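Going in written order, the chains are labelled A, B, C and D, and every chain counts its residues from 1.
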């Protein structure tokens, strides 16, 4: 009889893990809180650094899940985890031979940085809003006109002790570069300014894309973090930053301010971790067993991780890690049941 | 009768020493008072205030009414010690007079009356005074017993922590603890040897008589009186240098205060009265959040006053205070703790450089015009929702508004004052006053309680009414100039320190919230409200510590199970939002959302 | 040495001379408040600065210079600060900037 | 020399038949050096070198100061080349580093933008009736001395060693910026660590001082010096170099650029006046030599014939160290034996003036 593995979370990590497990003859079961699969990547427009439509990656995954007849439970929230199963909010227990935590992350709520006026000013949007706009084919200001001057602010809810988010969300820098290019392609005559503290281009092709944004698209990079934003009489956004490279305060009015919101740990992590006997990293993410060979293993036998449950990750990293998770789970089940 | 015995020497020497030192201290402090203060004394001396002060001395120095309010048992302890001892002295004096008639009896004759007149034959067998004096002794002894008990279990008296004392205090305290048991023993032995004594000393004396032989009693008799006298002498010598100086300081302080003297941003001789009036009872320790949340044990008002009194005040202790006012609220002596703390900070070079803040000249970033001025405050520019809401409210109310700092303003000056640079702050005060005057406003509305306090206390804005926006909105609603709809949300309100304890504004914000939704109160509220930790007054604690204070205080707000936390200060707003992990709303915001246009 | 007027002198080097700058005060400042080292130079303090809106006061540059042992004019420059505390509220590294202003002034000033 | 990277930068240097282009600054401040160069090559080494009275300034200083336009300087350079061809030479050697840079720059420009060469040919023809003939090789005169350093060593009367102790002298070499910083391939050893002077020093027995600011500019920088308001910056550069080399206690400085030699020498006086700071042994200054003077001393030339009395910093202590015979009395006598006057005593003139023969003929 096939061994059963419950995967908590049906995002990119969960789906990829399920497919890999299935191909190894293991029976995966996905428990998803939402009413459909896809997680955060669903509804994303294009992916860095190749501008691949997110749907091209996510849709086939979901299709294959369906084709492989992998069982999925929707609208179900997991309240407790142990190595032999999970407990659902409904009170139902779902037994398993191993559990994979693929719960991902929570987007930082930009309202918490009130000084940027998200939710207050019509033309302050987050990077997620921008993706949705691009998905709908229209990126416009609140009054329906086209933006001519856009500011993109990096590190909103990342590397900021004032909102208790001390970590780097890793993907925002490259997202900011990608979105700047997309905006420039959409509005070639518009000026796009990226305000950053540090530019972290860690992935393949990222630095090249950064350079392309600078050179080919003439995106302006200003080294300084915006400290406050205010709305002008005609609904434009006046921002203040220090241009740290010239050492002078900088004030400018833009049509649109895009906040690159970071990745926060899920609020529920703490409760889940305590039921499973796991510990959390200081930033609230699940703590992997170690940083090298045990990145997808937890401190408990039979509980594994996939994707951004352990740290902010790009989609590419998540998908690669999910395959590793499946192989680790496979190895674990083999060892365990051969011994018996 | 000479009323002299060798054992009285420690008492006489100690007593003379104490009175000399106290007299010297008083006269020095009075002589050094600034001319303004001396004029106030002259002016108010022959007024009703003096009589009120007498009554207050009775209430506070003897009966300790304010401590009763903190905890009845603690109050009784202080009262039995102070008032009991006082009565012992007074009744003792009457007793002597009753027995000896009107004749001069030296002090030791009163105090050691039992020794000199062991059996009294005048009033006969009634022993009225003996019983009375025994009753009073019992009262004081109860106080001593409670004091011992407090050392062991302070919680029983409503105090989680008691004061750590300096050497003089320990000497004086030990002597004090011995005085009354020693008196009990000495008088009981006297009763045993000579007979007499009240219900207490007489009974113990009788019991001792049956227990010990006459030889033993006689050999213990003199040493017991020696011990009693020595305990008194030691206490008297240590007293002016210990916390017990408060006994003789609080009395003139009460008078001076009634005569309208008060501490100021500059140190002066009057401060001495306040500083030495501190009995180091330690009541200020528990309300301090630096103690409760951060475990800091050296910076509370009691330690600050102690350090300042003994000239060992460090800059760190002076600066390490949120100035939330929670301790001042509870101080039984009513010491102006915040002001004293403030003028201790002014130690650094405070003479502003001629050119300092010269750049303010000619600056005017204000816009709009109207009889109402709106000064958002520096911090409010980081909570733009407040500014927008106020603008919305102004426009619905049809108010013409002059915006003082919509495009960046000049600081109100209070942050500089809080760090001791009072003279430099004056340049800001002058600048803003001039700005307000130039734009001819009648009402000044501010969204920042820090600004509000300084506008009210340190600015001379005669003719301009200064309001916090919660007061202003309350008036708009009351007068019907704006109408708000009620929504279903529940709101927990946090009292900002500077607005509540600082300016006494508690009801207006609550009325405004009540008009919009249902108001919930956290455990500590109004006068007892906790500080958010973000106070500008404290420059010692770091970010993490600020966060811990905010967390504890926010937890209480969250515990109300409210839908939304509301406050009325941009600093509190930031601190609570951070601790709660979600945005906090300002009073102006909830009003603007529910205003009927 | 005669007092010849050349009409010019030897220009002071613009370089921050970390070899010859006296870093004792700088070290003392950092020793007292090590959190200053956590600055990532984002400029939020300067951007939000109330005094910076009116004058050329730049706290980020100033404390960086002080850390490098460039004390000349720092005290006078810091006197432009109104201590309003906005910078502390926006600092992503949670640095107690107000205390820092006071500390640097205390270490460099003559009081 | 510990560094060997110079070997990666080599260039072809002709061995004979040179057309000599003089330097404006050099002719004024170090006239003896140019004379010595001609003598060393022509008289001592028997090499054919032509000193053409017809050539003019290259106008480089004017060009770098935005006074002379590009077209003008190109035409001037083209004329020099034509003069060389007319004289029957094809190896152009320039005494000045600025000129050397100009010649290289103009040739490179002609190569990259042929239309400029065409225009220049036209202008040259119109202005002078001459035709442009480009040189076969171009070199700086220090390259030439470097090229013949072994031959000079063979004829040496003195070596760059302390004649009393036998220790090699510590020599600071300074390369003009335009020698190789514009075109690294144009210099021996490239732009970072040119070997042209170091090679001479090592061959003749001295030790090269490798100090931190070795590659820094002397501060001449044309507009830095030419505009009085900028001179503070000019002197600051020399100051920085002197401060940096001082701990190595160099016996002398040698430079291959006329401006550098002049400024490193004369600024020592200015710095002494401004700050009271003097360098060198006993604080009496570090002598600054041109490479021709250095070669001349090695070959046993009379120092006054080399024009070393024109230096700001007295060279006598160095001569004593080298064991060079000289007549103190003759120092301020001109070539015709007439007294030419002497400078006032200043901090960096260390030599005992009483030894100087006070005659006015």
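Please note the rule applied: a contact is a pair of C-beta atoms (placed from the backbone, for glycine too) under 8 Å apart; a residue touches a chain by one contact, two chains touch by 3 or more.
Treat the numbers as computed from the prediction; the structure is a model and nothing was measured.
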Starting from the Cα centroid of chain C, hunt down the chain whose centroid lies farthest away. D
Averaging over Cα atoms per chain, report the distance between chain B and chain D in Å. 84
Could you please state the distance in Å, as a whole number, between where the Cα atoms of chain C are centred and where those of chain D are centred? 45
Cα centre of chain A to Cα centre of chain B, whole Å, reads 53
Whole-angstrom distance, CA centroid of chain B to CA centroid of chain C, is 39
When you check chain B against every other chain, which residues touch at least two of them? 381-382, 543, 574
Can you tell me which residues of chain C touch two or more of the remaining chains? 48, 53, 89-91, 94
Residue numbers in chain A touching 2 or more other chains? 115, 161-162, 228
Go through the chains and record each pair that touches. A-B, A-C, B-C, C-D
Which residues of chain D touch chain C in the complex? 228-229, 231-233, 235-236, 239-240, 270-276, 347
Spell out the residues on chain C that touch chain B in their complex, using ranges where they run on. 35, 48, 50-51, 53-55, 76, 79-80, 82-86, 89-91, 94-96, 98-99, 102, 106, 109-111
Can you name the residues of chain C that touch chain A in the complex? 40-49, 52-53, 56, 58, 60-61, 89-94
If you look only at chain A, which of its residues touch chain C in the complex? 115, 155, 159-162, 197-198, 223-228, 240-244, 247-250
Chain A-touching residues of chain B, taken from the complex the two chains share: 381-385, 388, 543, 547, 574, 577-578, 581-583
